[in-house]
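Per-chain numbering from 1; labels A, B, C and D assigned in written order.
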Amino acid sequence: MRKLTYIDAIVEAMHEEMARDESVYVIGEDVDIKGGVWKGTVGLLEKFGAKRVRGTPISEAAFTGLATGSAMTGLRPILEIMYMPFCYVAMDQFLNQMAKLPAMSGGQIKLPITIRAQAGAGTREAAQHSQSQEAIFLHIPGFKVVMPATVYDAKGLLKSAIRDDSPVLFIEDRNLYYEPEEVPEGEWLVPLGQADVARTGKDVSVVTLGFPRRKALAAAKQLEGTVDVEVIDARSLEPLDMDTIGASVMKTGRLLVVHEAPVRCGAGAEIVRRVVAEYFDYLDAEPRVLGGANLPLPFSPVLEDACLPQVNDIVNAVRQMA
Amino acid sequence: MRKLTYIDAIVEAMHEEMARDESVYVIGEDVDIKGGVWKGTVGLLEKFGAKRVRGTPISEAAFTGLATGSAMTGLRPILEIMYMPFCYVAMDQFLNQMAKLPAMSGGQIKLPITIRAQAGAGTREAAQHSQSQEAIFLHIPGFKVVMPATVYDAKGLLKSAIRDDSPVLFIEDRNLYYEPEEVPEGEWLVPLGQADVARTGKDVSVVTLGFPRRKALAAAKQLEGTVDVEVIDARSLEPLDMDTIGASVMKTGRLLVVHEAPVRCGAGAEIVRRVVAEYFDYLDAEPRVLGGANLPLPFSPVLEDACLPQVNDIVNAVRQMA
Amino acid sequence: MLRTMLSIRLFEQRVKQLYRAGEIVGAIHLYIGEEAIATGVSEALRRDDYVFSTHRGHGHLIAKGGDLKRMMAELMGKATGCSRGCGGSMHMFDPSIGFMGGNGIVGGGIPLALGAAFSAQYRGADSVAVAYFGDGGMYQGVLHESLNLAAKWKLPFIAVCENNRYAATTPVAKSAASHDFSTYAAPHGIPGVRVDGNDCLAVHKAAKQAVARARAGQGATLLDCETYRVEPHCGIIPDDRPQEERDEWGRIENDPIERSRRRLKITQPQFAKLRAEIESGLDEAVEFARQSPMPKIGSCDA
Amino acid sequence: MLRTMLSIRLFEQRVKQLYRAGEIVGAIHLYIGEEAIATGVSEALRRDDYVFSTHRGHGHLIAKGGDLKRMMAELMGKATGCSRGCGGSMHMFDPSIGFMGGNGIVGGGIPLALGAAFSAQYRGADSVAVAYFGDGGMYQGVLHESLNLAAKWKLPFIAVCENNRYAATTPVAKSAASHDFSTYAAPHGIPGVRVDGNDCLAVHKAAKQAVARARAGQGATLLDCETYRVEPHCGIIPDDRPQEERDEWGRIENDPIERSRRRLKITQPQFAKLRAEIESGLDEAVEFARQSPMPKIGSCDA
């Protein structure tokens, strides 16, 4: 075992995949200048040259379309969006083009694109720099979506995403970037579509998306002795590992989903819908979603913290249902 | 009573509101040329002049932003988006700007904007011209959202939308445009946030969004004698009239939501989430959502029809749950 | 080029009939009157060059070598269609000949073409990529972003504006501050060329230069091709353009096909023979489309 | 104008200290070295003119007459902040003086300003609207769409590019095919003016002309103001710009404040006095911010 940070795991995954396949290249703002704003492309320019590490002007619509067009003609872009809300500037290219071209062409077009989008909240950067968008990319058909919450998953899922032949949205959380965790040496893959049971328990199933995995584990620890919490990190939202979630609910009869996006029409509502549709008879209490507040994230630290699900909120929600 | 079409009801609402308030104006592509592509602005130019009826170039991002900026400074735009998927071209202006400015300004900015978006499917216009997006505008905080399915509601909700001081997304269905229905003379308002019980019944609650109201009523008719279906047209999705939906579920114990958008993370999932959270003990069967297929809408008529919930699908779904 | 132009014209007239008869449904945008543009451009292209088309794309595909049978089948929503019935008029695809699809979003295909140009450069191929768009596309910001990137990265990219004076019902003069779109190239330091878009030779000449530049690694070009949309915008939209304007453009001497015929000194009997050949190909195409099966449910789940 | 520029400079230096000390958090983009632009522009504006700002907006607000106390309180996330703590550095608002907000999206504020210009024209007021943006904003298509609309509709709109040579860590020379952004105006038929953005008089002169044109109903202007970002892009990003370049721009003769001081023949003692006055205002502002309460939960639920 060795220690690696989440962002370095991402860099490592790209190094390996770019070495493995000449058609993989990286494109985004500042990616070719000292490893970019987040240090997410460190060393790539030096190793693979300016041809394969393309810093762009602030033209998200154009370079997202460019990435798509290059994928239509044989390349495998890794497209970096510096902050996830900047996707909106390129939304036609994401939702009308990238999402639809494979289907509209009757399957003649394949789009092996990985979108690395930096997300996360709680960093006091206010509403236009912090917004979870996984639900949008889940609702509009055409994307696979993953949200790694550990260093191990960051590397393993990114490699799977790059090798996948359809657009995969890889959502990173900047709050996880720089803290090292233990990981193995060498290469590994984490397949798309597998949840991770982060903690087993028998009383309540808590399903998390991204960063809240940590908070749920902390809550589970606090609740030890009173409620035995199972924490399932969904990791992959599309495809979604309903088998693992269902098995847990069959055991506990209680479901809480935690994510940072607003609850309304979020991924939590979708998981509740599916659990209710497929496991209704196993439920002993109403499934619940704990999510972000239903408003644009405010700047002031006290306000921002109040808008995001915290460890205490999870503890309370679990207590109420157990 | 008199007969009026949905599109003429929309025109009438705008006539009345523009006459009532000088700050209301209309902006969009072709709106000043013979009443526009859909005949949704007929007569406005003649009555109110070119100042208040502004045909634009195909620059959705710029004129959506323009509408927002004008609302920040005292006007009340009615912004027409010719086909709803064109919203994506202007998505930064919708989701980062319009949605967030009021909150980011600490409430100093009010945005009395009505967005008229023409939606609907089944018209063989393929994926880039047919996509329901209500769930996106529900998920990202900052909008009220209505989806009228009758001529009466089209006029009444549009007038309420125009008078509202926050951005209201008014989703029209082109399949409803040109068929006359009976309506009263003169003015009326339909308040935002009230569902319409389109048909009372005691066995199953069917909640519809937009066009499927008709299909649900047809299905209910077919089921007469076997299952007594209550059809609730949600009309307003935000605010959502949970009282009416809840009262119905308390009576029937069974819920089916029908919409044309894909099911995953759609408005149906949200309604299920809320019903489960608030009325779990009243449920006698698992609530279900019947929605569009989970793919970009194909062109071929046989394929497109198979992707949308049809009367038969509703009949079957209700039978299964009753 | 005359044959290509005439094929497009007759294909479109057939489509119009079939649309009126209800055999073709959906939104159909005809290319009648604009045939010289796609024809002149494609004459300068190779099979391994890329074309990204628009909502008005039948002509672009025919000029690139599209199969009339599979096109007609697509319009009828059949399994044998060039997009297997999944795309329809606005979304025909034939990647095997570099035709990378129509686009229902005004301007939407422009950055995709940029990507194909990027890809060619990346792979060291000397293919070029063409993005067609209407005058309406000039108002979409992504065009300007794309011109900047194409210029800066010296991509083999050719932006072809089909300036037919109208975007749906809105005339250029009402929307554009500038009346000469070729001037949009100047700030990016790439050539902008205004061309008589009803003269296939003029278009071809300009396209040939642009393609040569692009293949030689000298970068992008913007062509502004002046033409006129003879038909209404789309099936559903009534046409209210000034009669004088339509008469002027409707003059037989302005017709791209007739201009070509006269220049080539093709006699009317020769022309009639050519026409008959094409019509019989179209008969086959329509028959093929009619006989083809509907796609199976689930066949578009890419 | 010297006082305004110095207020901005000293405000920003104070912010930098407080940010280092952890009293201010979040993303902070300092305006140091660019003071002449907002100052020169605002000197040409009235209270009822509109300003739409960027992520680097403190200077724009101060120049428009912003209240230092409420600004400092906003940066500390307090209830008394000019956005009640809901916006922070990138989203300060003061509609009462026509300051319509910063914007975290590069280019995002441009069409909003267009809307304010539209609104003024609609209401028959002779107010004008200014959109600030960086060189990075030149790469966003919405700018070009906005210039076309502003030109076509003759809106009282002034587009001010603060061309500080860098977009985050990317130099202009790497992104822009063109090096003179004022040329972007030409295709739209509006004036494009390149200005020495470190000379408040030059900026003011150009802005005055643009404002006069706009008020007279003659439409829009694009100003390309050349300047330099003295500080790193943002707190979190290390600075790797070439030392020679920084030395050149760092020369005291290039400093907008020093240039103004010399021109006005303000002596060092006079200058020190001015400085002290401003500093004492800033002391008050910081104190006010520190003493202010945190906002109540729910207070941003607009």
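One rule holds for everything that comes next: contacts are C-beta pairs under 8 Å (C-beta built on N, C-alpha and C of every residue); 3 or more make two chains touch, one makes a residue touch a chain.
This one's a predicted model, so the numbers in the text were calculated from it and none came from an experiment.
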For this session: Identify the chains adjacent to both subunit B and subunit D in the sense defined at the top.
Result: A, C
Problem set entry | Centre-to-centre distance between subunit D and subunit C (centres being mean Cα positions), rounded to whole Å | 45
For this session: Could you please state the distance in Å, as a whole number, between where the Cα atoms of subunit A are centred and where those of subunit C are centred?
Result: 40
Exercise. Per the centroid of Cα atoms for each chain, what is the distance between subunit A and subunit B, given in Å?
Worked result: 30
For this session: Express in whole angstrom the distance between the two chain centres, defined as the mean CA positions of subunit B and subunit C.
Result: 35
Problem set entry | Residues of subunit D engaged with two or more neighbouring chains | 81, 83, 85-87, 91, 103-105, 108, 139-142, 145, 148, 152, 175-176, 299-302
For this session: Quick one: which residues in subunit A touch 2 or more of the other chains?
Result: 56-57, 59, 61-62, 85-86, 88-89, 92, 96, 103-104, 126-128, 295-296, 298-299
Exercise. Line, ring, star, complete or other: which describes how these chains touch one another?
Worked result: complete
Exercise. Mind pulling up the subunit C residues that touch subunit A in the complex?
Worked result: 50, 52, 81, 83-87, 91, 93-95, 100-101, 103-105, 108, 110-120, 122-123, 129, 141-142, 145-146, 148-149, 152, 299-302
Problem set entry | Of all residues in subunit B, those that touch subunit A in their complex | 85-86, 88-89, 91-92, 94-96, 99-100, 103-104, 126-128, 131, 135-136, 138-142, 238, 261-270, 272-273, 276-277, 280, 285-289, 294-296, 298-299
Exercise. Quick one: in the complex, what on subunit D touches subunit C?
Worked result: 139-145, 147-148, 151-152, 175-178, 183-184, 186-190
Problem set entry | subunit A-facing residues of subunit D, complex | 25-27, 74, 77-78, 81, 83, 85-91, 103-108, 136-137, 139-141, 167-170, 174-176, 236-238, 240, 294-295, 297, 299-302
Problem set entry | Residues on subunit A engaged by subunit D in the complex (per definition of touch) | 29-30, 33-34, 37, 55-59, 61-62, 85-86, 88-89, 123-129, 295-296, 298-303, 306
